[in-house]
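What follows is subunit A paired twice: with subunit B in the first complex and subunit C in the second.
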Partner chain A sequence: MYNRIFGIAGLMFRQAVRSRFVVSLFCLLLTVLVGFTLTIQGDGTASGRLQVLLSYAMGAVGSVLGMATLWLACGSLATEIESRRIHLVVVKPVRVIELWLGKWMGILAVVLLQLVAAGLFMWAAARIGEHRTVAGTPDGIAVREEVLVAREWVEGRRLGPPGDRPVRWSLSCPELPEGATGMATLSYRFLSAWRDQPPVIGHWMLRGEDGRIWFESDCTANQDGVNRLKIPLAQLRGGEPVELLFEERPNAAGQVTGATFHPEREVELLVPTGGFGANLMRALLLLFCHVALLAALGVTAGTLFTFPVAVFASLALVVATLLAQFFVFSTAPERVAHEHHHGGEEGPSWIERVGAHASETVRMAMAPTLRYRVGLRLAEGRRIPWREVQAAAAVLILGYGGVLCLAGCLVLRRREWALPV
Partner chain B sequence: MQEKANSTILEVVQLTKVFCDFWRRPKVRAVDGLNLSVRRGEIFGLLGPNGSGKSTTIKLLLGLLHPTEGSIRLMEGRPGDVAVHRRIGYLPEVSHLYRYLTPRETLLFYGRLFDLSARERRARTDQLLEMTGLTAAADRAVGEFSKGMARRLGLAQALLNAPELLILDEPTSGLDPMGCRQVKEMLRALADQGTTILLTSHLLADVEHICDRVVIMYNGKPRAAGNLRDLLATPDRMTLDLPVLDAATTRRLLQTIRETCDCEAELSRPSMNLEEFFVRVVREATNGASAAPEAATPRMAAFLEK
Partner chain C sequence: MSRDGNRSEVVILSAGVALLVLAGVFHKPLLKARMPSVSDQEGLSGAPPVVVFTTVVLGGFRGIIADALWLRASYLQDEGRFLELVQLADWITKLEPHTSDIWVFHAWNLAYNISVMMPLPEDRWRWVQQGLHLLRDEGVRYNPSDPRIYQELGWLFQHKLGGESDRLHAYYKIQWAHLVADQLGRNGRPDYDELSRDPARTLALHQALGLDPARMQVVDALYGPLDWRVPQSHAVYWAYRGLQVAGSDGYLPCSRMIYQSMAELFVKGRLTWGPGDTITMLADARLLPGVMRAYEDALSRYEGVGVRESYANFLVGATLMLHARGDSRRSRNCFDRLHGAYPTPQTADGYEAFIAAYGPRPGA
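What follows is the complex of A and B.
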């Protein structure tokens, strides 16, 4: 069984190499990554530049690799069936699941190779970026402590009614690594419509459940942008609940700005728990899970359709999945019903109802595939947990991939190989 | 052993295949009520003109197509069974091979599909490459092969698992006369060792000398079937084979025959057929120079010898 699966996978990989697919994709990725590295400026600081570079690079690698993989996967079985090369394979003692898995794993080998290359490039770019800054300077600190780390984070939950002074939040301090010596970051934002507002002068305090004060500090914060307050890890107690208090103090002119906190992510406590390398690896693994799902989609589409139709159909499904997340607002069934209720005599037509239910079904069915995105976490130095990588592998590869594999095998079993598609 | 030799390896009853269009309307009746039974160890020929349904029948036997009606029993199994596929070899009408692979990689790949051990795979690959005269081209891409070379490789992959039943769709198409002769000799040798062979052809000269039994198909229906020697025997004529005599003796001999048996007798001089002539010319040419690889005398792969 494994002999046959790996045989087919090896053939798939070899074909991808010899048809120059691998080298072309590699060149494309390299061009994109080098292009980004040379052109991205960011906000002018080294840390800003690195953040933009990392987030763009992740996005570009994901989309280029995703598209290319989908393409390769759609062709893997479809072209073999069209060219009838499959005849000589299926008259050998090969089960359809071995055929499916072999093709899929061959594609994954190609993906893995490209991801490793892209990962090494990004890692090198990050390290070079780090070496270009001087440790201890604000930019150097930002690069090392805000970008090239993996930080656990918790958001504060607001306590008390709005307008309560001092403003209070409760949060549970993340577990700290053994003997941690670095700095945690308290990050907070104000809601501000104008630039060049006067700074907010205030006082922060972290208070344990027992009433003991862990840490306190005065601060001068900008009303726009993100403010950061450094807290030595030694002063935190991992895993324990803590109350966070902020009180604004009058500035030199004796004024209080009365600035309010930004409703999204008012305050966050970020605690470094790991390095950038491992976080990058986890981000790439998440990406790998998504691409593996696209590969499964392509292989199965290739069992049903000819190559161009398979590409078209699977692309359509991907686009529908993404769009369904937005369409839901205009056509969700309850909303259609609601408009009917308030809109007078004409009810929604059956087309509207069917459309609403269809888009809702697609949204519900595909929503879990969108749950495990890397997003900005890598660039913001936020930790991507191993648990999430495992969950993504289980849901995307075993769950959705398994369903696609099953569907593909059912189609292949019933198929008359010698009939034109 | 005797019992096994006489048992049927393939039994086809009332096999019918109708090709339908997209709307499931019948389009072509490619095979129509075919009955076959192939015994172990014989060479069975499926003959017929173009479009008579030979390839369709073979694809039905291999599970590449599903029958519209009728049943197929193949080595105590059914077409498409993995256990059955382990024991058959198939050469399609056109060798659909992987263009990017070399012959060696091709055979190693198919060997993996048969679950052969790595050592066995390599050994068989080498033997088959030599047997089909492809050793010299073993590391060139199949995509650049000539039709005949691809055909030889197709044949090699069909023999990879030392099959009990060898199904060959026009095995000699695309081969040069030397290759044809080699293939025929090889098939005969395989059959002598107990391999059952089912082959199709419309080149009757090719099958005449090797088939034990044949079915002649036309328009999907079997039109004649039976033992080849019985089918071809012309019971009311015979030939007398003699060295060349001088004119006077010949005349006297003919005279005597006519008088004694009161029938027509004719004299003709047998000539070599073109194939024999071609083979002789090429053999002479290869004797002097180093033999062209494709024309080298084949040696049966050791693993096929029983």
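What follows is the complex of A and C.
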């Protein structure tokens, strides 16, 4: 069975190479990546430029590869059925699942090849970016400690009632390697109704369960934007819960601003636990899982429809999935401005109700496919955990991919090959 | 393939080439005919390929792309993720390079809204500079005949750098003074003759500060002597350039910027370095003729738009300030103009009575 699957996969791969798809896609990806490298300017710092480059490169690779794969996958069976080349295969002792899996795996081999090339490019661009900065300078430190790193992040859980002073949070510090050096970053935001208010003078403390102070530092923080405080890793205890405390102090004029923390992301501790290379690999694997799902969608659509219809139908499903998120998000009750009329209030029309219901259904059905996204994590030096990659593989490839495979096999099994298309 | 088939292919190919040549022949006259009515091509001749591509090839779709980028910019800004915003602003403005509003909005957003989100002064200064560069290096380039671009650029100098609304305005002033001193010397006063003989310095000055020595000299001759380390001097420069492109009708916001900035320079237009990296801004009475010229130019162009009231207020302030500094001659000159142009019961009893009534009390 495996020989037959790999045989069909090999044929699919060779067909993609012969049709210059692989070379064209490689050239396209290279053009996009080189174009970004040459044109991106970031925020004027080396770290900012590198972050934007990584974020855009990852997004561009995902989009280009996703669309190209969908195209290739839709054509893999559909064109063979249309041209009747499929007869050469189906007359042999090959089961439909072997045919489907062979096509799918052949496409995945193409995708993997492209992803490896794109990954190498991004890794090289990152290393060049690193070498262009001087270690020890603010920009060099930012590149090494905030971008080219994998940091686990822990959100603080507020302790005590609102208004309690000092403000306290509970944090679970992630496991740290023995003798870890470097810096963790405590990121915190205040809620400010007005711009450019006087800074908040305060004092931070990290306290262990035994009541001993591990770390303390004074700070002068902005009421706008995101503030950061560096904490030496040597002063953290990996795997232990810790209490974080903040107390505002009066400024030189003896005044206290009374600033309150941002309700959504009060405090967040980012602890370096790995390197950029491994994080990039996990990000690419997440991307691979998504593209594998698109390949499965394309192959199955190709069993049902002719090539152009399969492309259209698959693209429509992808777009509907993305738009459903947007519609549900933007029509959530908390985001809709309610108009108060004098007299009877008009409810939503039936079209709006049906649309909302359809959007919600699509969103519910497809939400897991959008859960495992790389987003800005790679660029922000946030760790993409292995368990997320495993979960993505299970949900996207085995779960959704399996369902699509079954659907494709059912269609193939019932299909009359000799009938005109 | 048959001979007939080959022949028809050759005919079609020849027709295609002939049509292309014909289109090329008509291209230039058509472009020439289009230029007077469509200002969209303005400034595109030396534009980078990316801008020409987005402007010409994307056609109407560039508006949609610009909207999508704008939505992303708003989302990222709400989330406190600012890194991409310079990039997005660059792309959005390049998609609509001749829409001044877009340049103005993004420059203001970078210099005002985002800069204040930065906790460190050097980060803030970088964002303020991003706003300046966007307008000065790009916006002016693609909209050279729109006075509004010059006025908004001048506003960044007059208000963001020169004003005191930003908590870190002193830091900006010091950084700007350093930038100018690097180009024009520690006293911020160029030797225009020497500068004009040194093309390398002229180019460096243009690249670093966007200034053209010939224009600086004209502005200096009209309103100076200006201390170019002070941001308001640059506001005057850019507003003057705005007036130049506005034509004979003038442009009130630029004129207003010139007289307001000159009035501010009169009060604190001379920069002196203090101990360490500190600066002190002192009054510069030498600028009095320049301030009066700015006001009188504006008065001669615009009527009934608050210029008179502003001038009268300035003359009152200048009379009292010069008197307090012991410069009775200039103080009296200001009072004479005040009473001559805007007589009030307060000025009716003459200079001495005015000073006695409104000047500093003895021993105060």
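The rule we apply is simple: the second predicted complex is superposed on the first by the 385 of 421 C-alpha atoms of A that agree within 3 Å, B and C clash if a C-alpha of one lies under 4 Å from a C-alpha of the other, contacts with A are read in each partner's own complex, and residues count from 1 in each chain.
Methods note: contacts are C-beta pairs under 8 Å (C-beta built on N, C-alpha and C of every residue); 3 or more make two chains touch, one makes a residue touch a chain.
Bear in mind the structure is a predicted one, so any value in this text is a computation, not a measurement.
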Exercise. When the two structures are laid over each other on subunit A, do subunit B and subunit C clash or fit?
Worked result: fit
Problem set entry | First (subunit B), second (subunit C), both or neither touched by A:88 | first
Problem set entry | Superposed arrangement, angle subtended at the Cα centre of subunit A by subunit B and subunit C, nearest 10 degrees | 120
For this session: Kindly classify A:181 by the partners it touches after superposition: subunit B alone (first), subunit C alone (second), both, or neither?
Result: neither
Exercise. With the two structures placed on a shared chain A, what shortest C-alpha distance in Å links subunit B and subunit C?
Worked result: 14
Exercise. Which residues of subunit A are in contact with subunit B in one complex and with subunit C in the other?
Worked result: none
Seminar exercise, completed: Touching subunit A in the complex, subunit B uses residues 19, 59, 62-66, 82-83, 85-86, 88, 90, 92, 94, 96-98, 100-101, 105, 109-110, 112-115, 157
Problem set entry | In the complex with subunit C, residue positions of subunit A that touch it | 39-45, 48, 51-52, 55-56, 189, 195-196, 198-199, 221-222, 224-228, 376
Seminar exercise, completed: As the complex stands, subunit C meets subunit A at residues 50, 80-87, 90, 113, 116-119, 126-127, 129-130, 165-167
Exercise. In the complex formed with subunit B, which residues of subunit A make contact?
Worked result: 3-4, 6-8, 10-11, 14-15, 18-19, 83-85, 87-95, 416-419
